[in-house]
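Presented below are the structures under discussion, each in the form of structure tokens.
Same chain, two partners: subunit A is paired with subunit B first, then with subunit C.
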Partner chain A sequence: MMTHASQLSDYAPLLYQGAKVTLKLTVLALVFGSVLGLIAGLARSSATWWLRLPAMAFIGTFRSIPILLQLFFAYYALPLLFKIDVPQYAAATLALSVYCGAYMAEVIRSAVESVDQGQRAGAMALGLGRVRMFVYVIWPQAVRVAIPAGVGVFVMTLKDSSLASVIGYLELTGTGLAVREIDPASGSFSVLVGVGAIYFLFAWVISFGGQLAERRLRIPGMIQERPRPAMTAA
Partner chain B sequence: MSTLDFGALSPYMGTLLDALRVTLEISVLAVICSLPIGLGLAFLRTSRHLALRIPAAIYVEVLRNVPLLVIIYILFYGLPGYGLTLGAFTSGIAALTLNGSAYLTEVFRGGLIAIPRGQFEAARSLGLPQRHVLGSVVIPQLFRITFPALGNQVVGLILGSALVSVIGINELTHVSYVIGSRTFRYFEVFVVAGVLYLVAVQVLNRLWEVAGRRLRKGMVRQ
Partner chain C sequence: MTSNSVIAVADVAKSYGSTPVLRGVSLDLAVGEVLVIIGRSGSGKSTLLRCINGLEPFQSGSITVADITVTPKTAKGNELRQTVGMIFQSFNLFPHMTATENVTLAPRKLKKMTREQAKAEAAALLEKVGLSHRAHAYPGQLSGGEQQRVAIARALAMHPKVMLFDEPTSSLDPETVGSVLTVMRQLAQEGMSMIVVTHEMSFARDVADRVIFVDEGVIVEEGPPEQVLRAPAHERTQVFLRSILGESAARKSPLPDAFEVTSHDS
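Take a look at the complex of A and B:
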């Protein structure tokens, strides 16, 4: 155990560097993915067919293909196709953003659709136009519904950022693999478990942030409609 | 843009289809292994006893918050250091099972909560022994309630199975990468592989929807 402890301190700075890269990659993908997901999700729940159909195709396609294959596509196929240079971080950011966006779009769509029809009718009766109805009535309610599932997509994106190591990007997982290759005596198990623990910590922070946001945004007195288990007369 | 030539792939179509079969086999195996573990853990997770609830909760939380890729590496590279050497295939299935069962636990837990308490009480007041309460009353309802969510988990395992390519299992993603590096037709082969995944997932979704509609017909709704 003593040897493990001393070796852990040897490569801890490396894992710290890797963790920073993972964090940067994840945050970028979350920002781009959320914007993309918002646009695609709103288009998907639109009544206009030429907005809805492309959004459906986008969501259906990118949610049905493994992120690893999408990443390979971005890294190996795009450069050949367009004769451009795609560095590892760019391929990883692109693939993660698109994957995150497709999942986020579904979250946004179901949140928007969960808002009671009466709210739309009420807003219309008050004479609100489509834009103001959405901004002032629908969205504030939808965003609260979307938080738990949105947190799930955030955690998924964090975990999927580990795939960037497969194309040789030295983020957290890639660093862990490099450490175990350079120094086999470090004990693959402890290095990799350390890597896993850092992801766990990050995921926990995201979930905690989500709970905090849920609590901050809660409207006192507003009861959120939740599907309740049917009660039988027993 | 470089010229596309899907014809260059024609000698490899059989290989790609074989690889799709491997992907589906791995996924089905992982689903079969995950189901009983997830079901058992869901009962532990909803148990009255803290000593059962806590370990199940830890299992679920750890495996849902650590990347599948890291779990694959721990099983494949990490365990041999402790004298436990699993082959690539076993490691891959085990990692997918650990991951899948954690998600299934949460699905089943949600389902267990959704079964009306009266069902348990009625079954018990009919004098059914405990195992019949579970086997004939609880579990059939649980599967109907969770059926749509189970479909999502199966799709999740199909998509997740692509990750076992990193330890050299010849499933669809790995094989298409190898073909790409051999022919330099990355674009074509990844498009074909993507379409195969897309078709497999969409077909599964449709079948699941049809089966779900059938199941709902038999369900008593209030």
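Take a look at the complex of A and C:
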């Protein structure tokens, strides 16, 4: 009979494979999602209605529908609707990117809008046009505001990538569940504990990266506007 | 617009919705002239400044600065704003840039100056406003008066033909007001054309060539400071000055006396 430890080491290569898939899926979703979020967030805060309305529709739709349904839709409905072949990885990447993008858009919109109106007046008064004003004055300030909330969206996307297992995509969670199913003799949650630990590690790396970025971008002499509550509501 | 004027405002009207803010304002600013606009808050004086450098659209009339004319139908905002320097009550320095970076941004991006050229000029301008030693400080590390002086250096870096000051000392601690007014006096002495919206009556008295009193979107009275501040013809001006002087009396500098004792050799 195998010992507890040897069981986990037997499955380790499988979990490693699953972790690689999850990492790839998450990174792709974060990259696409951030780009989508940047575009939609800027369009959402635009004064031009034909930019703003589509962005509002995009954000409203994909933030309101559960990611689980979006995954099903991408995997089962898109092939029927468009007569195209949608493999699992494509459906998962698409659904997760769009979901992440909709949340990211709101983070970016609120960050851009949080920059003091006086900054726009100051930049305008120098004769900087709209583009230069955004690139040199508004965005560097907005990005600092966006980081904490953006890290939250990144971690959420990482965790929600586990739902891709329901369309049969063998990422980390799917692998863990499959191992338990194929080998009921294992009979323990040790595999799932390992899976959870890997998510925890990834999430920690994302959070740590966010903290590093925040520290690097901290402006000397600037009052930190986020209050530090004594107790955080979980 | 006469040949020696740098700003000509002709019958400008502006309203926010159905609320009129400017109701047909006309004024000329001669090259090298210092014009002080006084009036209570909400009288339209700040809006007038913001119209002059194209930060606010207006509904009728025209504004000419140097050789750029702006009407409600033309969009020459950036061109206009590069010609006009504007100083705000709230400084509006860019908090993520050092004093030097604040000053060099516009010349580098708009005048295509090299970093070295722009830096050298910024150093000269910061010295001019007495802040050489703070060149590498961020706005958050500067006092209000220092921030406002950096803002003046930043505006001067674009070599404006005219400077507009929108209540430049209103949000400053009393002890730093003087440093900003000193820089403004110096600019006036160097012949900079300036329009200054302010409640600093001593500045109006000492530095202004002309004072305009604005109320409810129209120019009520204008003339040399001795006339407008000491012997206003209109009742509305008298009422306004009395309210302002009430404040300065509390600070033991009633204006009429101050006139008597002011020496003009400074």
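Definition applied: the second predicted complex is superposed on the first by the 220 of 234 C-alpha atoms of A that agree within 3 Å, B and C clash if a C-alpha of one lies under 4 Å from a C-alpha of the other, contacts with A are read in each partner's own complex, and residues count from 1 in each chain.
Definition applied: a contact is a pair of C-beta atoms (placed from the backbone, for glycine too) under 8 Å apart; a residue touches a chain by one contact, two chains touch by 3 or more.
Computed from a predicted model, the values in this text were never measured in an experiment.
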item	value
Which partner reaches more residues of subunit A (counting touched residues only), subunit B or subunit C	B
Partner chain(s) touched by A:P140 [first = subunit B, second = subunit C, both, neither]	second
First (subunit B), second (subunit C), both or neither touched by A:G221	second
First, second, both or neither for A:L126, with subunit B first and subunit C second	second
First (subunit B), second (subunit C), both or neither touched by A:P54	neither
First, second, both or neither for A:P66, with subunit B first and subunit C second	first
Which of subunit B and subunit C A:G118 touches, first, second, both or neither	second
Residue ranges of subunit C in contact with subunit A within the complex	53-55, 77-82, 84-86, 88, 90-96, 105-106, 109-110, 137-142, 151, 154-155, 158
Residue ranges of subunit A touching subunit C (in the complex, touch as defined)	116, 118-119, 121-129, 132, 136-137, 140-141, 144, 219-223
In the complex with subunit A, residue positions of subunit B that touch it	1-2, 62, 64-71, 73-74, 77-82, 113-119, 121-122, 155, 158-163, 165-166, 172-173, 176-177, 180, 184, 186-187, 190-191, 193-194, 197-198, 201-202, 221-222
Subunit B partner contacts - residues on subunit A that touch it in the complex	60-61, 64-70, 72-73, 76-77, 80-83, 155, 159-160, 162-163, 165-166, 173, 176-177, 180, 187-189, 192-193, 195-196, 199-200, 203-204, 207, 229-234
